[in-house]
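The following pair of complexes shares a single chain, chain A, combined with chain B in the former and chain C in the latter.
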Partner chain A sequence: MKRFKGFAIPYLIWLILLVVTPIVVMIVLTFFNTKGMDFIGATFSLDAYKRLADPSILKALGNSLYIAFFTVLICFLLGYPVAYFLSFSNIKNKKLVLLLMILPMWSNSMLRIVSWLRLLSTDFLSALNLIGTSGAVIFVTVTTYLPFMIFPIFTVLEKMDRSIIEASKDLGVPAWKTFLKITFPLSLGGVSSGVIMVFLPAATGFAISQTIGLDKVRLVGNLLQTVFEKNNYNFGSLLSIFVSVVIIAIVLLFDFVQNPKGRGNK
Partner chain B sequence: MLIETSWKNVLANVLKVLFVVLVFSIMYVPIVIIIYQSFNKTANSISPLAWGGFTFEHYKEIFTDRQLYTSILDSLLVSFWATLLSTVFGVFASIGLHALNKKARKAMDFLNEIPMLNSEIVTGISIMLVCSLIKPLFPGVFGFPSMLLAHTFFMTPYVILMVLPKLEQTDEALFEAAQDLGCSPMKSLVKVVIPSLSTAILTGALIAFTLSIDDFVISFYTQGGGFSNFSNYVYSSYTKKNFSAGSYAFNALLTFVTLGIVLAISLYGNHKKKGENK
Partner chain C sequence: MKKLIPVLVALLCFTVFAGVVLSTPNTVLYFLNWGEYIDTTLITKFEEQFNCQVVMEMVTSSEAMYQKITSGTTNYDVAVPGDYTVRQLYEEGYLRKFDTGNSEYVNLSAYDSLFVSTLRSLMAEYMLDSKTGEEINEYYFPYFYGAYSIIYSEKKEDVPSVIKENGFASLFDRSLYNEDVKIGMYNTARWIVASSLMAEGRDPNITKMDGTKDGDIDSELKDHLVNKLKSANFDEFGSDSMKRNVANGSLDMCYTQLGDFFDALYLVYDESPKGAEIKFNVNIPKVTSAFFDSMVIPTTCQNYDLANKFVNFMMDGDNAYQNAQAIGYSPTLKTVVGKYIEDAENGAYYYGDETTENSLTLKDFLEKYPMYLDPIGQCEKVYMLEPKSTQYLSTCEIIFNSLA
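And then the complex of A and B:
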């Protein structure tokens, strides 16, 4: 099927237009003082770079990484056992259980966040003063993205060759050791997909921190949103580039640590 | 001794089931609240979740609250077209990517990963910047066109992610055989190769649609001209405090319908299995 090389060209052009153009526009914007996207009367300025040194920026980034780290950790601690128990159980209707797990995701995520907020604001729970704390933000983020952790792990466990585990049992290796030496290492691919899929939205979202965190928990997403809302495209662009570089670097680093030979050579 | 181990096994199994049920119920808490609120007369009152009596009023609002039903229709419109476009686009891009040599393939794979690795907020801002650039030439870009562009952009890599690995498993001989039997290369692609990928294509389309219909952040930056989607309607009406409980009703209705379909399919499946056993 080598003759269909040409089919990649429209997609290449599309990616260049929509990936490369915005990066160029953002880089240009960081060096000027414009009103939104309006370059008329714009002057050269390095204000955006000066503002990047503001301590509130580092604090927001720190908050984001803190929230994302604990969200990923809790999702893993809850999601791995669920995926494992489901995959290794002998229930007849595994597909139905799986569908029951997807079903909550078909409810609108924004409405689910609003519902949590209503629940946390009831007389009984509001006495605990949970709204506006990092803990509540982490909790709601976990419930929103947990399926993203369970699915990839479950898929990998389902595809795993069970005869290897049987062999280990037959050789008299205790169950916990079989798990640590065989099952878990073989499922790492699913774990790393899950970690990345939960980490990305947890670190960069702004809806949960705004509604549940009541602007007391400010993340980079909230910062970006306010900056663009105030029409400061110059600083906003710089912040976007900064956030992307940090987040992508973390993901690539994680990928490298988990699988040093690179993605293609699994 | 034997009795003791089986007793331990039972306990372990009970704990496992309890753990799974507990995690599932946490995920179902918001769904239960949504359904509860959809029937609650005082769903919009200041004291949260107080029961004010049973009503079907909110279900009527789905058809009478103009803002609500426009946002629902807008969501469906964008997600439908974006799913169709990204699926077709993703399938052809996969075929193209599959045909590339190793070096070109690596570069394309990297570019293709950017929309997935980048955060939603930066993707949204990026597409907004591109649309602002073409706004002088095409003043009506913000609204349906910009949202369609953004959704197709972020969904296509997911379709490729599903289709490309399946394509790599496809036997080249299948394609050759079709040609030996007198098909043109294009015809063998459309009649033989693409149908063999149908499950992967369907999965990709389903994932794309699910992501699109639920998207908030990317649509937040690309909405405009009175065109928005359901997530953004919920967000803006909630922050502006004119939230309509019809949103709960719409979502609950969707849950009932999907639950009904799921149960029907599983019952039908069981029925079929029993028939086969006879």
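And then the complex of A and C:
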């Protein structure tokens, strides 16, 4: 393998230039008052840190996590059965069915969000007063990210060694027990990818809460977007780093709960 | 022969490509504007007249406009920032003076007598160089203007009178109404802060309760505003969608700019072929804040002559009149106001003509909505939003965020 080490160098450069450097710049920015990204005339300031302590920031973050948690939960409850039955069914054109599922994703996501807004504002549905509520935001987030849950689970189920399930059945284990003891534990890898893939965009997005939530449901993504728009790169950087740290911590925690001994001992 | 075909195809592609490249005008004007803020047929007309191409980019906030001009990633030739952004850009040296002395640009000369008098006095009072105290004339040409106002539905009986009596305070106090009302607020953090201050009769630029205007909003004022806004309990935060919601009655009132009302009014006429029933109106509170957006030439401009030509073209009486009719914001030029009045006398129509069922004559329109040509004439106190630091704007965002 050593011979091919050289091939990793371009990526390493890429990583340093486009990931490491921006993070370092962001960390430096948090300690200054600058005009946007311009360091000329910058003054040392802890203004960004003072703002982070504002109770409304925690509330926005709390809202984001709340929305993301329920989105993940509903996506899992809806997506797992779809992936399961599709994988274990005898349909010939599984690929076609999957293709149909991602068909809506071929259109721009903003277009779909606005379509939901229009649908929810129709005479029939507007009576439910859904627009501007967390429920509606969660609903539209689920419809947006559901395929991200179905796909990894489906892939894992497809690759699963079916002889293990057959063995379980041969030994007379009831179907539900086979599912709980064999199929589900073996598909957890797919579930965990799905959870992460849905959780991350759901927790950091801002378009859905702005459009469907009428800005009454404010997420941390909304705040991030507007702070950067108002040219406050100092507070914006700190907020981004803070949100990243919280989300990475949650993902690590999720990983730990799922597999406490660590991946090495698997 | 087989080998020849690809060569011929390649040649053909090259010819077509070269043809396209050659037919594209070599002069390009980069124009930074707001959405739905110019009659696009005028752009086509300009392109044909001056054999050039206009590339228009759109922004949704003053801050985005400022950022685009100052970041220098695109060298815009003409931009249309709002009043306080013009001042800020001027102070920071980003604006180039117009070529007003050039006889080629007839519509750019006689700067002092171009604009309607109420606007002219606002300009004289507000658009000053902070060091010399002199007017920064000829660095900007006001494009449209207006005032912050309340669009309201006439469905509920007491809404019009309460709004007329209380101004912006009527957006913050539901106890003024006999029944439940739905109130919308614009989702721009700075406007939210400005509206709540003006509702108390205060200057929208203050940062402390004692009336100081420097620096960032202090914690006392911030807490005061958060409490006030929380108790207002708005039903909706939105932008362009709110005027439609008021027009169809699903919202009782909202805070917005005057131009939004006329835009909505025109839409309702346009969408109701069997006769429009207009059940919404607009009120400009006695204490309000005015704004005007102006055409400017940033120092980064690549085509100074074409930029002057473009603004000269847009300041032409006929073109500006056509533009005003398409956009709905109040015209800034005296000549355009004159044309409106003249056309009204001559029996012109605001919407439709004698054959359409739901037509409205220009005369009736101007009588019913005199504020269109004179947005701030009836006001007792007119403020202007002043340039503020990113710190101030961030605090506004946090105040808005506190309402979640």
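Criterion: the second predicted complex is superposed on the first by the 257 of 266 C-alpha atoms of A that agree within 3 Å, B and C clash if a C-alpha of one lies under 4 Å from a C-alpha of the other, contacts with A are read in each partner's own complex, and residues count from 1 in each chain.
Simple rule for what comes next: a contact is a pair of C-beta atoms (placed from the backbone, for glycine too) under 8 Å apart; a residue touches a chain by one contact, two chains touch by 3 or more.
Remember, predicted model here, so these are calculated numbers, not experimental data.
J.: Per the overlay, which chain contacts more chain A residues, chain B or chain C?
T.: Of chain B and chain C, more residues of chain A lie in contact with B.
J.: Contact-wise, after the overlay, does A:V82 reach chain B, chain C, both or neither (first, second, both, neither)?
T.: A:V82 contacts chain B only, not chain C.
J.: Scan A:E158 for contacts with chain B and chain C and give back first, second, both or neither.
T.: Neither chain B nor chain C is touched by A:E158.
J.: Taking the superposition as given, does A:F235 touch the first partner, chain B, the second, chain C, both, or neither?
T.: So A:F235 only meets chain C here.
J.: In the superposed view, which residues of chain A touch chain B and also chain C?
T.: 36
J.: In their complex, what parts of chain B are in touch with chain A?
T.: Residues in contact with chain A: 16-17, 19-20, 23-24, 26-31, 33-34, 37, 47-49, 89, 92-93, 95-100, 104, 106, 108-109, 111-112, 114-115, 117-122, 125-127, 129-130, 132-133, 135, 149, 153, 156, 172, 175, 185, 189, 193, 210, 214, 216-217, 221, 230-232, 234-235, 238, 243, 247-248, 251, 254-255, 258-259, 262, 266, 269.
J.: For the complex, give me every residue of chain A touching chain B.
T.: Counting only chain A, the residues touching chain B are 1-12, 14-19, 21-23, 25-26, 29, 36-37, 78-79, 81-82, 85-86, 89, 93, 95-96, 99-101, 103-116, 118-119, 121-123, 143, 146-147, 200-201, 203-207, 211, 221, 224-225, 228, 233, 236-237, 240, 243-244, 247-248, 251, 264.
J.: Considering only the defined contacts, which chain C positions touch chain A in the complex?
T.: Within the complex, chain C touches chain A at residues 61, 63-64, 66-67, 70-71, 187, 189, 234-238, 250, 390-391, 393-394, 396-398, 400-404.
J.: For the complex, give me every residue of chain A touching chain C.
T.: Touch residues, chain A against chain C: 33, 35-36, 47, 51, 54-57, 59-60, 63, 126, 132, 210, 214-218, 222-223, 226-227, 229-232, 235.
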